[in-house]
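In the two complexes below, subunit A is the common chain; its partner is subunit B in one and subunit C in the other.
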Partner chain A sequence: MTSVSVIDELKKIQILELLEQGKRIDGRAFDEPRKLVIETNAIPHANGSARVRLGDTEVICGVKIQPDRPFPDTGDKGLFICTAELLPLSHPTVETGPPQPHVIELARVVDRGIRESHMVDVSQLVIEKDKSVIGVFADNVVVDYDGNLFDACSYASTAALLTSKTPKWNWVDDKPQLVEGGETALPISTIPVSITMGRIGNHIIVDPNGDEWDSMDARITITTDSDGNICALQKGGSDGFTQDQINQCGEISVRAGAKIREILKEAQKGSQ
Partner chain B sequence: MGGRDATMVLLDENGIRCDGRKVDEPRRIMIRAGGLKNADGSAYIEFGNNKILVGVFGPRDVHPKHMSNTDTGILRVRYHMEPFSVTERKNPAPSRREIEISKVIKEALEPAVMLEKFPRTAVDVFIEVLQADGGTRCAALTAASVALADAGIPMRDMVAAIAAGKVADTIVLDVNNEEDQAGQADMPIGYMPSLEKITLLQLDGVLTPEEYKKCVDVGVQGCKIVYELQKKALTDKYFGKGGD
Partner chain C sequence: MMDNKRKYVIPGDVITTGPFRPEQNVILEGDKIISTTIGISEIYDDVVKVITLTGKYIPKIDDLVIGKINSHTSLSWELDINSCYVGFLPAQDVFGRDFSAHADELSSKLKTGDLVATRIANFDRTRDPLVTISDRDLGKIDSGVLVKISPSKVPRLIGKKGSMIQMIEMATDAAVTIGQNGWVVISCESPEGLLKAKKAIEMVNEKAHVANLTDQIKEMLQIKDNES
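Up next is the complex of A and B:
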C-alpha cells in the first residue's frame, strides 16, 4: 500500500513488461477477475451475511435489519446504508483511528453502486409512513487485503443482501411491534455488479491484485445492473483515461459483470 | 431525492429545459483569475448559481514533515462548503462527502500539475463553496485549475470540468440542481483538452451502454467550452481585457 521498497519498484517494472507481452503477473487474461468464492450465512446472528474471497482479498459483510426513523423528506421509503471498514489485521499499514480518505471513498463507492442500481426496493420497507421504516444496514469489514476492495466489498454486500431475511413489524400503539415468524426475503429488484479496472500504461486490466493495484496509473469502478445498464461509476488514481478507454471500460464492465452475476445467483440459490 | 416539484417540466416539447436552456447549453459561467492578495494563486467562479472561491499556496514546505516525498511534490486539496452555502445550514465540520470530493478533485488535478519538479514540497489547494447549486465539484475543479495556473505552477494542461446527465430520457449538458434531484443520471467529467485525457469521472443513475458513451461525449465537448473560458480568465488578468 504505502511502503515502497526496491523490490516494489522492480515488481512494477516486471508487471508492465509482462503486460507489454500480453501477460499478467498471476497468469490471468486482462479481462479475467480472480476466483470469487462466496460463503453465505456466515454470521447467523445477522439477518444476512456473506464471506467473500476475491483471490486473496477477503471481506465479510453482515446485514442488520431493524426499525428506524425515516429521513424527513422521504417518509415513504426505508433506509439502505452500506459501509466498509479496513480492519487493522487486514494489512500491516492499516491503522486504527478515524477513517482515511481512501476508506471513506471505498465505503461511498460501494454504497453508491448498490444504491443507484435500486437493488433493494426501499419503497416496500415502510412500517408506518413518515413515522417508522425498516433500515437495512450492510456493513463490510476487510479482513485480508490483496487489492481491489471495491469489488470484494460490493460482492459481499450483494451476496449478503440477496440472502437476507427481513423480520416483519406492525404499527401498534405508535411503535413498531415484531411479528413472530414473519420473516421474508428482502425486496430485490436487480443484482448490481461492480467491476474495477486498472490502467497500467495503455493496458486495461480487470480486478487488479495487490501488486497490480500498487502499479496502476489510474483506476475505474463501473457498476452494472441485471439489464446490462451502467448505474454508477468512479474514476480514481493520479492519472486519467482517454475517451476511448472509458468506452472500452464500459463494455468490459457489462461483459465481465454478467459472469460475476451468475456466481452471485448461484450463491443465492445455494443458501435456500 | 425528495422535495421535488412534481409539476416542474424538465424538458418541454421544444427541447427547452426547466431553466430555459437548450440540451447542449451550459449555465452562465464567469471565471476570474486572481483576486486574493495573500494566496500565491486564486480564482473565483460563478457557474449558474454556484459561487466558489479557490486559493492556492506553494510549492512550499510540508507540514507535517513526514508527509513530504523525496521524489516529488505533493498536492493537497481541501473542498469545503460554507454552512450558509445550502438551503439548510450545513455543519461546518468536513463531511464524508466533502472528504471524498477533496480526494476526487486532487486525483483529477494531479495529472495536470508537474509536481515532480518540486520534490519535498506541497501545493495546497483550498476550495471554498460559498453558494452551492448542483455541480459544485465540476465548478470547483475548473476554478482550481485556473488558480494553479495563476500561482505560476508548471502544468501540462488545465483540467476543465462539467457534468453531463440524463434528464427526461435525454442526454443533456450541465445538470443543474433541480435536474440532479429529479433527473435520471448525473455524470461529472473533468478533462484535459490538450492532452485529451479524462481525469475526473463519476456517475450515479442508470444509463444504457449507448447512453453512457453519448454522455461521456457530451461531457467532453462541454469541457472544451469551459476550457476556453478558463483561458480567457487568465488572458484577461495577464494580458488586459483584449484577449479573447
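Up next is the complex of A and C:
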C-alpha cells in the first residue's frame, strides 16, 4: 500500500473553483482558522500537558521537566527540546517505524517557533553552571490528522508549557537534589503563535484542512511573539510565493496570531 | 429445523446447527455455523449467511467500483478501491492491444488522483483484483463530487430494483454513479440539486437501518422542493 495520501482530482477542482468564488470548502473565510479547543492538564502525571483540537486535527502534548547535563558550549542555559510523533491511528497512511521526513520537519518547525521566540527563559533554568541544568521536553503526539499539524502541535506545546510546573532542585554533594514542594511556573517571557498558510492558485488560506493541505501548491508557517514580531518562518511545498504574497502572509500571521494568543491565555488562566 | 428469522449477530455467535451450507461471513466448526462479522444473519433453503453492517469492501467479480489512481508502474495503474486490496488496471485495457511499455506513457491517459469507474474483471482473494474500464459507462470520471459511504450500505442506497436511487435522481436531476465499494459520484447541473442529492445519500448512509427510510428521504427531498 502507498503511504502518501492522494486527493482525488474532482475534489481538487472543486476546492479551486470555490476559492475563485471567494469560498472555502468548509465555509470558512480565507483568513479564518478552524475552531481551536484547548484542554490543559490532560495528563495528570506530567509536569505540564495539553490536548488541542484544531478542527478535526487533534494533538496531545506532554511536558517533562528534569535535571540534565548542559551542552558543552551553553553551560549557563537550560535545555528546551520539542518533539513530534504521529500515531498510526491518526490517519490511514501513517505507518509505524522511523519518522518520515515530514514528521521530522514538523518537530523542527514547532521547536524552532518556540525556541526562537525565547518563550522559555532558559537562562533561569540552571542548577549549577556547566554541571547541571533543567531540561524541558515537550513531546507532541498526533492522535487525529486533518491537515495543519504545524499549528496544532505548536499550540499544544505552547499551552502545555504555559501551564507547566517546574520542580526545584538544589546542588548538593555534586548532584541535583529535589526540593519537596518547591514547584513554580516555568519562566515564560512571551507567547509564540504559529500560523500556517497555504497557497492554492493565487489564493492564500489560513489553517488548511486535510483536503486543502493535499491540494496546496505551497505553504508557509510564520511564528510571531506577543509583541507581533516574526521570530520563525518555514516555507514548504514545491512551488513558491511572490513578494506581495509573503508580505500578505506576514500581516495575516500577526493578525490571526493575536486572536489565537487570546485563546492560549484563556487556557492558561483556566488552569490556574 | 428451519429458522428463517433474521438475527443480529457478532463475531463468534453460533447462528445455527445442522446440515446447512455456510456462505458469506460464516464458518463451519463441527456442526455449528458461526458468524465472523457484525451483521444480520439469514437462513434460507440450506444456506446460512451474514450480511455485514460494517467493514471494508471485499471485491466481487463483475462489481462496478469507483477507484482513485494512486500510482502506476510501466505496465499498470494501481487504484485505491476503498478495500484492503489494491485494484490493478492493466495498461492494455486503456491503450489497446498494441500497447508498448516503451512508447506509451501511462500518465498521459490517467494520472494520480483521477477517479475511474471500473468493473472487477478477476479476483480470487489470493491476488489483488484486476479491474477493467473496457465496457459501456466505464472510464475516467471528469466531473462531479465524490461521496464516500459504507460499502455495506450500498444495497440500501440502490433500494429494491433501484427504487431509492431513482427517487433521489428524479428529485434532484442528478446523475449518480454508485460503486459497490461505497464510493458514489454525483454530477448535477445545478449546485442546489447536487447538494440535495449529497445530503440524501449521506442520510441513507447514516440511517440505513431505519425501517421507514424511504419515507424520510422522500419527505426531506420534497420539503426542500417546496423551499426552493
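Everything that follows uses one rule, which is that the second predicted complex is superposed on the first by the 265 of 272 C-alpha atoms of A that agree within 3 Å, B and C clash if a C-alpha of one lies under 4 Å from a C-alpha of the other, contacts with A are read in each partner's own complex, and residues count from 1 in each chain.
FYI, contacts are C-beta pairs under 8 Å (C-beta built on N, C-alpha and C of every residue); 3 or more make two chains touch, one makes a residue touch a chain.
These numbers come from a predicted model, not from an experiment.
Asks: On the A-aligned overlay, A:240 touches which partner chain: subunit B = first, subunit C = second, or both, or neither?
Replies: In the superposed model, A:240 contacts subunit B only, not subunit C.
Asks: Return first, second, both or neither, reflecting whether A:228 touches subunit B, subunit C, both chains, or no partner chain.
Replies: A:228 sits against subunit B, while subunit C stays out of touch.
Asks: On the A-aligned overlay, A:175 touches which partner chain: subunit B = first, subunit C = second, or both, or neither?
Replies: The answer is neither, since A:175 touches no partner chain.
Asks: Which of the two partners, first being subunit B and second being subunit C, lies in contact with A:74: first, second, both, or neither?
Replies: first
Asks: Which partner, subunit B or subunit C, is in contact with more residues of subunit A?
Replies: Result: the larger residue contact count on subunit A belongs to B.
Asks: Contacts for A:7 in the overlay, against subunit B (first) and subunit C (second): which applies, first, second, both or neither?
Replies: second
Asks: Applying the document's definition of touch, where does A:35 land relative to subunit B and subunit C: first, second, both, or neither?
Replies: Touch status of A:35: no partner.
Asks: For A:269, select first, second, both or neither according to whether it touches subunit B, subunit C, the two together, or no partner.
Replies: neither
Asks: For a test of understanding, state which residues of subunit A touch subunit B in their complex under the given definition.
Replies: For this pair, the touching residues of subunit A are 71, 73-74, 101-102, 104-105, 107-108, 112, 115-117, 220, 225, 228-243, 246-247, 250-251, 254.
Asks: Considering the complex alone, what residue numbers of subunit B touch subunit A?
Replies: Checking each residue of subunit B against subunit A gives 1-3, 96-97, 99-100, 102-104, 107-108, 110-111, 187, 192, 195-209, 212-213, 216-217, 220.
Asks: List the residues on subunit A that touch subunit C in their complex, please.
Replies: 1-2, 6-12, 14
Asks: Note which residues of subunit C are touching subunit A in the complex, please.
Replies: Checking each residue of subunit C against subunit A gives 68-71, 78, 80, 86, 111-115, 141, 143-146, 185.
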